[in-house]
Structures are given as C-alpha cells and as structure tokens.
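In what follows, a single structure is set out as structure tokens and then discussed.
A, B, C and D are the chain letters, set down in written order, and residue numbers restart from 1 in every chain.
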Amino acid sequence: MSIRTRRFFNQPRRAVQEMLEGYAAAHADIIRLSGALVVRAVPKPEGRVGLVIGNGSGHEPAMIGWVGEGLLDVNVPGPIFSSPGPGGILEGIAAADRGGGVLLLVSSHTGDIMNASLAVAEAEDEGIDGVEMVVLYDDVASAPKDRSTERRGGAGLFFVWKIVGALAERGGALPACAEMARRVRDNTRSLSAALGTVAHPISGQPLGDPEDTSVSVGMGVHGEPGTRLGEEAGADDISEMMIGRLVDDAEPGPGARVGLLLNNAGSLTLMELSILYRGARAALADRGIEVVRSWIGPYATTLDQAGFAFALCSMDDEMLDLYDAPARGAGFTM
Amino acid sequence: MAVTSMDRSLAARMIVSASRRVAEHQDELSRLDAVAGDGDHGVNMAEALAEAGRRIGGQDDRGAAGVFRTTGGAFHETVGGAAGALFGAFFGAAAGRLSGIAEPDASDFVAALGKGTARVMRLGRAEPGHKTMLDALAPAVEGAGAALEAGEALAGVMSAAARAARRGAVSTAGMPPKAGRARYAPDRSLGYQDPGATTVALIFEAWADEMNREEADR
Amino acid sequence: MSIRTRRFFNQPRRAVQEMLEGYAAAHADIIRLSGALVVRAVPKPEGRVGLVIGNGSGHEPAMIGWVGEGLLDVNVPGPIFSSPGPGGILEGIAAADRGGGVLLLVSSHTGDIMNASLAVAEAEDEGIDGVEMVVLYDDVASAPKDRSTERRGGAGLFFVWKIVGALAERGGALPACAEMARRVRDNTRSLSAALGTVAHPISGQPLGDPEDTSVSVGMGVHGEPGTRLGEEAGADDISEMMIGRLVDDAEPGPGARVGLLLNNAGSLTLMELSILYRGARAALADRGIEVVRSWIGPYATTLDQAGFAFALCSMDDEMLDLYDAPARGAGFTM
Amino acid sequence: MAVTSMDRSLAARMIVSASRRVAEHQDELSRLDAVAGDGDHGVNMAEALAEAGRRIGGQDDRGAAGVFRTTGGAFHETVGGAAGALFGAFFGAAAGRLSGIAEPDASDFVAALGKGTARVMRLGRAEPGHKTMLDALAPAVEGAGAALEAGEALAGVMSAAARAARRGAVSTAGMPPKAGRARYAPDRSLGYQDPGATTVALIFEAWADEMNREEADR
C-alpha cells in the first residue's frame, strides 16, 4: 500500500556518498567528512573519551545527525542497512581517540557486532589502547526478557547516545562511560509498529508484502517483519497495547520517572505521532508512571517506512541531569 | 589432464567466475533476503565480488593466498553487514592457511576451506543447522575432504564440495532460523532457502565449473 | 505509487483535535491549548506586537511547532487543509493582543485570505485596534513574476515567521513588523516538486493520480497538482532546474547572500533531501550566489507527500541578524 | 395551494433538505475538488450543513432570517476554507436582508439571494465566468428574478432558480478556472464541473423539491 518505487537520487549506488556530502555541506559548523567518516567540526578536548558508532545508512538522522558536542565524536556510515566493515570502524576508532580511550557503541545486529569485534581485534593488533565496546539492545519484540542479551537495537538507543554523550563531554572516564552505557541500556525498552513496507533502494526488494494493510508490531529497524495486528485497531488501542508490553517488560518501580521517546520510522505524519503520543501518555498515567521527558520525531528511521517506535527509559537523577545537558548535532540540538 | 595445484591465475579465475555467477543470481539472493531480512544480500555479494575482481586484476603476484586475502579485504571494505564480515573472515582465514605455499594442492585447499569455515563459526557464533551460510559451507568442507581421501584432484574435490554445498543450501529451506536477522521473524523464512547458504552454493558451483573447464583445457 | 490508505488515527474527524492535545502535552514547556488555539506557555511581555497565523492542519510542524519565543504568539489551527473560519481567527487576534498591536500573517490562499479579512473586519467592529494583516506569497509556479501578488504561499514563508518573529520579540513596533514581513516576502521565492500524491484523510480523495510515477513540479501545499517532469530526471537535474527558476525569478544582485531552505513535504528521506541539497548548492555556486544559512527538514508538510520545496531568501545584514536570533518553538529551535 | 411566505419552520426544512442532498453527493463533490483542488469540498459542505441543522434544531424562533444567520455561522465556524467563508457570507448577507421580516415573501427571498450573491462577489473578488460557485449563484438569482416578475410564488421561483443553477454548474465544466485553488493548474479541471457551483445547484434543487412538496401538502 505504501511503497515508493522512485526516489530523488542520481544513482542508488552513489546515494550514501552524495548524502554525506550534502549533509556535511549543510552543517559545516557541526560536522565534516574525513574520508568515509563523519567527524565533529570541532574535536573534543584532549583526554576525553571518544564515542564512536558504526552503522548502516538509511536511518537518518541517525547517526549522521548525532555527531557533535555532547553527542558522538565519530560516525562510521556503512552502506544502506549494512554495518561498515572492520576497516572503516578501525579508522573511526583512530579518529575518535583523544587520549582518553574510545567507547564503541554497537547496536545489536549480527553484522554490526561481528564487524565491530573484528575492528576491536585489529585495534589491539595495531596497539591502540583503551578501546571498549558496548553492545546495545532494547527491542522487546526480538527476544523474551530472560534472553534480553539476544535482543536487537532499536530507537531506544537514543537515550544511551544522549546520556553517555553528555558524560563523555564532561570528562567521564572510559570505565564510567561504558558502565553508564550499560546502565541506560538496561533501563531502556522499545517496541515498533508499522504499516506497509519499504524497498531496499538498490536491490529494489520490498521487505514485506506491499499490499498488506495490517499494522505489524515488532518490526526491525531495517524493515524486518513483525507480527500482524487486527484491521480494526485504532491509534489508542495500539498505544495502549504497546506501552503495556513495554511496562510489563521493564517493570519500573512505583513512582518511576521515565523518558518517553516516540520515533518516527520515516513517513508518519506529526498528526499521527501526536495522536499516538496522546494515547501513550494516557496508558502510562493509567499505570501510575510519570513521564518526565518526551521526544517525538525521527530518531532512527527506516527510509520512509510508515511506522514508529515507543521507547521508555527509567531515569534516576544522575541520568536525568546528563539527559538535560546541552547537545549540538546536525540532527538533534538541546 | 588433472589440475593438481592452484596457481595465482587459477585462483583469480575462480574469483572472477564466482563474481559472474553471483551477479547473475543477485536478484534472487536479494529476494531471499527480503523474506525475513533486509533484502540486500545479492547486492552485497555482487558488489564485494566485483570489487575483489577489480583488486585482483591490478595486483602483483602473491599466489593463490594473495588472491584470497585480497578477496577477503574486498568483502570487509565494500559491504560490511553480516555476510561481509563472515565472507571476509572466510577468505582471510583461507588465505592464512595457503600463505607461503607457492602452488597449493588439493589437500592445502581443503585445509584452507576448513580454516575459513572454522573462522566463520567463531566469528558468527552460529552452528550448522542454524540456517546460515554454514549449512552450505560445513557440508562443502566435508564433501571436499571425502573426495580428497578418495584420491580426487582439485576438480573432483571441488565438484564434491559444490554438490554438498547445494544440498546444504537446499536443506536450509526446511530449517527455522537461529542466527542472523531472520531469527526475529522465525516463521517467515520457512520454505525459503537461506540467502548466505545459497551464495556459498553458487560460489562452489562456479569454482567446480572453472576447475572442470581448466582440466578439459589442459 | 505512494499513497497510504491507512493512518494511525482513532477517527479521522477527531484527528486534528487529538493531535493538538498530544502535541501540547508533549511540549507543555513551550505551548498550551487555549480552547481551539495554540498559544505560548509563557506569553510575550506586555506592549509587544502579537503575531498570529490561522492555517489549515496537515502541514505539521507548521504552524503548531512555530509558536514560541522568537516565533509566533498564536496559531489558529483549522481543519485539515482548510483555513479556520473568521470566528477562530478573531479569537486568535484577541489572544495575541499584548497591547502593542497584532500582526496577522496570512499565507496566500483564497480561503485563508477571505477568512482572515472577515476576522479583521470583525475585530474592527469589536473595537480591537491595531490589527494589521500581511498576505504572504512565494511560490513562483503559481503566477508569473509580473503578477507576483497572485502567487500562493509556500514553504518560503518560514523566513518571514523567523525574521519577523525575532523583530517582534525584540520590541519592533507594528508598522516595522508589517514592513519587515513584506520585505522578507519580497525577497523570498519557493518552488516545490513531488512524486505521487496524498489523499485527504477524511474524504479519502487522492489529489492526483496515485499511479503516476513522474515527478511533478510546482505542486501546492495542499497537494494541488503541478506540471510533470520527464521520467529520466535525476536529483541533480531537478535541483539545477528548480534553483535556476528561482534565481531567474528573484534576480539576486551580484554578491547576493541567500538563505536556502529545503522543505520536506512529508516523507522524503533525509538521504534524498541531502542529495537534493548538494545539487542545489552546486547550482547556486555556478551562479555565483553565496549560501549563508541552510535549513533542511520538514517545515510546512503536506501530510506524507513524497516531495520537497526549495526556498531562497536574499538577506541583508539586518535580516540575517534577526534570522540568527534565538527561537524556541516545539518544532523549531535555534 | 401556493406557498406565499417562508416561515421559520419552512426555512429550517430547507436547510435540512439541503443538508441531506449535499451529504448524498458528498463523495462526488470531494472528487471534483480533488481534480485540481484539495479534495475536501464535499466533506466541508456536508459538515457545515449538518452542523447548521443541529444548531437550528436547538434554536428558539427568530424566523427565516434567524435560520439563515445560524446557517452562515455554522459555515464560518465549522469548515473555514474558501467555501466556508463564501457560503457563510452568502447566508449571512441573505439573513441580513430578511431580518425583521416576520414572514418574507418571494420578492424578499429573491432580494436576499441577490444580497448573498453580491457579498460572495465582494469577498471572493471573483465574477461569473471564473469557474466558481458564482457561475451557479448568479444565474439562479437571475432565474428567480425572472420567475418573480412572471408572477410565480415561492415554489415557482425556486424551481426556476434550481434549473438556472444546474445549467450554470454544468456550464463550468467548459470553463478555465480563474479563481480558487483550481486556477494554479488551469488545464486539470477542464471538462470537470466546479465543486462549489455543483453544491449551489444541489442546494437549490433540494429547496425547489422542498417547496413543491410543501405546495402539494397544503
């Protein structure tokens, strides 16, 4: 129902490179291209921990928009939906190294983990010290709670990037940054839903049945299919069901304060997002959970997928303080 | 005449013929990957092998090991993703086993396949039966080993590997996925072959054809 | 090709109201709902000029995201794609009145102008003094240059909202604000392009042929059709052609400094936008025009239309200074 | 028996029957608006008239003028947009002309139609021939005036207005648009009637039917 077969490209195979050039030109005060890497225009002071992420493209503004003050130091963009290879990640590690060690944040996907592991091994071989890797996952649809380490990374990882970004900027040491990344991860859950599908821009393959008009819940960030919901489910039903699943999984204690993120997977209107958000607030209020921070918008997209994800992060005072710290990326400012 | 060793030129022709074969099946591979993955496997493999072909063309002579090492590098630098890492590791480990051997024979080659497969298992933490490229790779190594023990030269060894790889790839259609992206939608891919395993079969079939052609030519 | 037939709504006819509730709840620090109006959470100081806009919904983040410090005081949201009626606009005028007069900014569309005129007449009848209305237009596709006053409003109006918003915030008087609105308008041009179409969410009517895969240039902000481009046009060709038309129309003098806005009409990916932006920069560089500020993103959308618009605004020092002033809306911060 | 004056109840029934008629044609009207506009005309008109009907139902008696004023208010407050402003202005101006007249007769009604039409022209700055609602309204006023001069009572006047409005609406199909959204895509709407003019024809036809029913009933 919702698959666009033509894109404003010159050539699909040149799309990622041309995107990087255009985006960097538009945001020259914040980022620049260094070879195949997106790096800060103004590097972090010496001695601080460098934050690196290697990730597939097609999720913009993640991660090209998340490089900047209070956020990441280096983004290693891969091909569409594909992690970059170990060579690129190794370059990214070297570029982020300001003498305080480097934290490689990896969204849990088979390819991403393997390529990152290869890069870390090569970094050791080359004598680059103090490289730590933390694997991030949050998607409750991808594995049961007792096997949470098998879960996929989703839009909830935004909480990690933001909070750890602030900590590293303030001078937190490598072990503290890695520890904080794990702490935020363990307090974060996400779940996605979508209508229709998208097609891989190069292969042209639709990642699901383009004629299917049912809502699917638990889709992956590369369009990996989820499970279908009935035709009649309205926005409020969907918000209630999804928030219910997240809260059941996270089991926030009484009086918990959460950040609520509503990620636009691509082409949802702000009208729909606002309606879904309204339903989510009601569902959380019913459960006695206080929403202390909210974000609505495109964080990690799946091209122009008509979908969204809710992410919840239970926050203590320290996390909240870091969450509120200034940040200045091309795709996110506060 | 039987081909008893693999020189640089033969290894290079193997990569080029694998590249051509995979390119021909690129859409089918991406379609298989779209069933429960992200629909790019054919593109990934075709691009990496094409890049490997280009790099080998411009390379000076370091024997079969050099060709395989270059191929692994092309996988790592061109595509990333799961298969990029795994095929890259496969060729890299195979190259390591062949390194220093001027004219590797069938037994070196079988050993190299084994090294590559072991590296894939270690990196991906999957096992045969998980519906991955290993379900074609592991039987291929076994088939090649058996042919070697039966006294076959390179062409026979490769043909046995190709037959086993194809059988393995076909068998993945019946498996529930236990690794890679497909495992998050376990029902979707039932009845469909694993794309990575299918690529392995295509590569070994291209190699077997190349060897048989070579034998006929000599 | 790209028409979504199902939306995350509870009921299409309740969508606008529920959107407003959700959006206001998410951004309670910046805006609140006052009856049917979106107003600032913290009103402007007494004596300043109030800025009001009445506009159809379906263009979010315009204008709900543009109410806030350094931006607008009141947004009067109408039904989807429909200007609000005179009664609502009159309420908006009253709510924005801080004793310094009220400037009503009207995007040039038949309905918007008529309803605004009726409201201004009623305001006079009711003895509300100092209400001025400025009609804004920028879309070069909608009338030739010698009949520019007949042109439609498009995404270029962002420049007016931003610059006049800053001036009013700084205490500029009503005549100065109105004059600045006209000055920015006269220095601004826009042109849109799109693929496929959208359907009106209530009537379900697709606003064009959903099967048409050609790029159309000059589409209106409510999906009003434009003219078709050849099937082969790549992103660079399109950027070059569109920038050429804008520059030919605007005739910026030698050494002109322009702001370049690339508006996402809804569902374009940031990948496509960045590629189009890259082409536009090249086209402007070829013409010796310096781009001093750039914005890429959704400003005024047309639901989830797969389209975009370029807008150019030639800026002098005063405009640039106001353009750079802080702004804090739910949908736009700087 | 000829109906010679329009009391509150008759005026209210006119609005209700117009509302029903427009609702029946709502999709067609939106489809016409989608040709070169924004596809909402049917929704707009149906919503405004339904709201008018609700408001009139709950209203105390202020004669036909009150009914028309309420209807105008419903247009202004429910839909906005071009047609909301224009139909609102039309009913508002017509109400102004009828105001204070307890039982307006056919000549008052024709005069009210004329006032309403003049207000639409002033507000929208369009003229007959521009492919708008005026291309049905203006002929309707003329046809009604001619019937009045020919001595017709309300039913005859209304029937003449309805015939003229329909002819006018049909004639818009051949016109290039010179006002409203449609003018930005001038070729698109050739061969299609203007939605606003079509609504006018539907309203007058519903009114004529109502009057004729009324006459038959008396």
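By definition in this document, contacts are C-beta pairs under 8 Å (C-beta built on N, C-alpha and C of every residue); 3 or more make two chains touch, one makes a residue touch a chain.
Because the structure is predicted, anything quoted here is derived from the model rather than measured.
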item	value
Partner chains that chain B and chain D have in common	none
Distance from chain D to chain C - Cα centre to Cα centre, in angstrom	33
Distance from chain C to chain A - Cα centre to Cα centre, in angstrom	30
Chain centre separation (chain B, chain C; CA means) in Å	55
Arrangement of touching chains [line / ring / star / complete / other]	line
Touch relationships between chains, expressed as pairs	A-B, A-C, C-D
Contacting residues of chain C [partner chain A, same complex]	1-11, 15-16, 18-23, 25-27, 57-58, 60-61, 64-65, 195-196, 213, 215, 234-236, 238, 266-279, 281, 294, 296, 298, 301, 303-304, 306, 308, 331, 333-334
Residue numbers on chain A that touch chain B, as the complex places them	54, 56, 78-88, 109-111, 114-115, 117-118, 141-142, 152, 199-200, 202-208, 218, 220, 222-226
Chain D residues touching chain C - in the complex, by the definition given at the top	26-27, 30-31, 33-34, 36-40, 42-44, 73, 75-86, 88-89, 123-124, 179-181, 184-185, 188
